[in-house]
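In structure tokens below, several structures.
Look for subunit A in each of the two complexes below; its partner is subunit B in the first and subunit C in the second.
Showing the complex of A and B:
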């Protein structure tokens, strides 16, 4: 397969991704702006709920005008999409606010544009997710491989029991426990809410993220260890592993070059999905450790009924998942020659 | 394990080094399981010289494949108990370390497997896999190894080997894949080649080509070949000698000519009776052996074949209680059966041979 085909495939998949995101936005938008109408609320009531506490008549009227709430929902959605593609002008009384593309609207609560908020929160989530992903991928796969090779041994059983614990203990338990031990008692790492951006203080950034990384990675590493172990055990029974041994290859080569490569492919798929989901906000971890990331933003927005922010986070999360899936599919074809892109 | 390691060399020194290229003596491969000990191979002995082909025949579960994996040291060392001796070119393998056996694998003894698609790694090109096999045992550059791989592919009859070398196994047809597998097995010039049902997964038309190829290459390389199969046709085509296995033991050993025309074991008669023949007029039906192979955990007392043997009663109960020894009855022809030799010849000539 030539590079041209791969490019064509990627372009086709990107078009598919855009359609997918349209669908996601349509559903989300529908839930927030169409369902209330279906439930029988008047536009005034809807607008009032978007304004906040103690709405004045003027504020309600202004919100109605700004969000075109008098128009059919389809047109409202059209305005929203237009904002993303071309920017949007919001009339708030006599003033006109221009929101440049890609415009995701203004927060109901803070009246700030949504996109800069997302951009502001993304690095924290990215730091958390990327660091944890590296940690869980390396440790999970290593433990899984060792477990499979020493099947039934003490190491295997211990690893799998711990893995079971890792899968079943929620982050807000392990996270709080680790904070209690390593931060408040032993004072090795700073406590919750101490996150600083990398650009401000790299050392502090690192220190504040160690506990969240380990906690988050623990959960995933447990799953990956089990996945890897199962995959390895299956692969080790394959005929081509016997062939590799029959050729006289050293056992190390048989394991790393022949067995591991085959058992990593299913893990890659799961990894793409997991990372994509986390990039959209590691809600539990961010809240446990008070890391100002997208997950915290989303929770705050949901609690406050801040629909434009919720919409924005949802779209961004969906974008991450769709893109990472594309990356996984391309990588898959690179790893397994039997997979044809198309 | 340490104790037996220390005593092993002395023990082996006592026994004479065999003159044959490959000699297997009283090989036993047992697998302890929760249900009991599976005696897959239970006291097997044979010899094989360079340039000769031995066909090992038997039903599924008779221990053929376990024997071959045992010779290559490919059985699972954690759950298999191996005893006896395997002498390959003066070196004893059962008492050797896994590392010593590994060094021999691929270089001095190689194996062709049944299903060439599942036996090659799907993620690597055919060329890469041959290059890998060659470079484990030969300290050469990748370029030299690649040239060798192309050369090998050409020798096993793959057209345009310089292009096909970069193809993946799934891009080959079944027959070509088996040729590539053979090229890989022969890349280091092994002196012993074990072919485990090499044609079973192939088209009938391709089977003959592959067998021809193995025969030609054997002449060229002068290697010893063990052909494991349940297909007597393959054995007739290729082998010099034939070893019939039943329940982990040899029940008859003979030159191919003798095995087909003067077989001395009722089980061999059964195998011949269940083989379709196209070169003769079709008699009514095939005559399959009744029953199924015994469980290798509970091998029947006496002759393991007696529950299925139509002539067992003629031994006066001996077959039910006493295990027949493998005896040399004619020069180079051994069989393990209680029936008097004359009686067996009579049965063969009067009852079996005419119906085949």
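Showing the complex of A and C:
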């Protein structure tokens, strides 16, 4: 497999990724602009819902024109796509606002461009997701491997009982419990809503994220421990493991080089998908701990009917998922020698 | 599916010819997959307990609301206005002979009644959503796996697209848009419950679809499919009369494991305020109220949380046991 093949594969996957994002944006757009029409709302009513409280006739007309609401949904979608690729001009009264590419439009509520808002909220989500992912990947895989190697032992049973409990607990419940215990009663960690950006106060940033990291990681670590254990047990029963042992390889080499490597591939797939989804907004965790990330932004936008922001967050989240899937697929070839990029 | 023949009794083991001749009919028994599965499940105490709790919860969801108090009656006399929490009971839970699970802070509505009514919504949405996912997933999975070629390509790509959707965000947006409208003469929580079922069910099908597709891929190469085809069976007949019965085991297992996922999903949406909305009780909604009261009345958070936990755990235990029992490779 030459480097050219890898490049061709990546290019093909990138084209696929763009197509997928187009589909995601089309569906999201359809939900907000086409569904209300199906449900029998007139364009005036739709425009009014974006004007705010006590809409005047002129404001409605202006909004309608600004957002091209009187045009068919397909054309409106075309305007949106054009904005991403080439930027877009918006009429705001006598003046024209130019929104440079990639333009995700203006928030209906705050009249601010969407992209800076997303960039503003991203670090909080990124801090939360990256820290938790590191924690759950290391702990989950370690526990899973140890459980598989000592199958039936006390450690295995205890770990699996806790893991089963972990996958059955909703994050907003464990989050609230941990806040009640460690923040409110024991006062070890700061409570909800105490997040500060890393650039402002690194120590406070760390302190405020410990509880969210641990609660979020616990949920996923439980899932990954179960996955790793099942994968390891299946791999350890394979013939090539017996062969490796039979030719006298040390047990450590058999476990790490032979068994772990092939049972890690499904974990990696799930990890890519999970991390991608989290980066698009760990909605529940951010909500429970009041972390001002993308998920919080999305919820606020949805409750306020602020379509451009919702579309922006959804697209960004889908981009993360698609990109991480691509990275995972390319990494596959590095980990698993059986995989050929095709 | 073939079932192992189980020979019991030392006589039969010693005389294979006699067994083959069918002399000792009681000693030899062909067991169907379901008989084997049931025998295994009976030995799996943990799964049985899970199954028992599941049955109990279903009964509670169906009959419970007729037995408990009105979940919307206020008992504000039980409230301590200083801290805005119940006056009595440990941890200010309000637990008493009249209110077995206590009362909620401020309004003092009966928690038992709200939990029981919440169970009905939770299980109803989870069951119907699971049914929808399973129907879509199984039909598309079987079709993709059996026909292969461009049909498979289209369906598999569609699955990839669905898996790339930021599901929770999407569900929030969709419920948010649809729930305020009035569709088919439904509005408010009546409409919201239907929207929840549809959204959760519609976006979860690729998971089971992938599994069924994989199983179908290997099943379609088996002799009984060739046999059916050579006897002139059409594709439709092979799909639904030959392949589908062989897929019942994985369908059952993954449906059982999808239900708890959907319970968590519904609770999450209600927690975020886009699912079932007050005054109709829902477990997620109660937890969302508890965000502001957990410091003064912790039991108000613990009880709905435990309700979700126990329900989801019971389904997971039962589903895991069922999977082990139906796995032909397991001993």
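Criterion: the second predicted complex is superposed on the first by the 342 of 342 C-alpha atoms of A that agree within 3 Å, B and C clash if a C-alpha of one lies under 4 Å from a C-alpha of the other, contacts with A are read in each partner's own complex, and residues count from 1 in each chain.
Keep this in mind: contacts are C-beta pairs under 8 Å (C-beta built on N, C-alpha and C of every residue); 3 or more make two chains touch, one makes a residue touch a chain.
It should be emphasised that the depicted structure is a prediction, and the values quoted were computed from it without experimental measurement.
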Superposition on subunit A - do subunit B and subunit C clash or fit: fit
When both partners are placed on the shared chain, which of subunit B and subunit C touches more of subunit A: C
Centroid geometry (CA): angle subunit B/subunit A/subunit C, rounded to a multiple of 10 degrees: 70
First, second, both or neither for A:214, with subunit B first and subunit C second: neither
Which superposed partner A:247 touches (first subunit B, second subunit C, both, neither): first
Touching partner for A:238 - first (subunit B), second (subunit C), both, neither: first
Touched partner set for A:318, first subunit B, second subunit C, both or neither: second
Which superposed partner A:168 touches (first subunit B, second subunit C, both, neither): second
Least Cα gap, in Å, left between subunit B and subunit C after the two complexes are fitted on chain A: 5
Complex contact set, residues of subunit B against subunit A: 72, 74, 102-107, 110-111, 113, 115, 118-123, 125, 132-133, 136-137, 168, 170, 184-185
Of all residues in subunit A, those that touch subunit B in their complex: 238-240, 242-251, 253, 258, 261-262, 335-338
Footprint of subunit A on subunit C - complex, ascending: 160-161, 163-170, 172-174, 176-178, 181-183, 260, 264, 267-268, 271-274, 284, 287-288, 290-291, 294-295, 298, 301-302, 305, 308-309, 312-313, 316-317, 320
Parts of subunit A lying in touch with subunit C, wherever the complex brings them together: 20, 23-24, 27-28, 31-32, 35-36, 39-41, 164-165, 167-170, 172-173, 176-177, 179-180, 184, 192, 273, 276-277, 280-281, 283-284, 287-288, 295, 298-299, 302-303, 305, 310, 313-314, 317-318, 321-322, 325
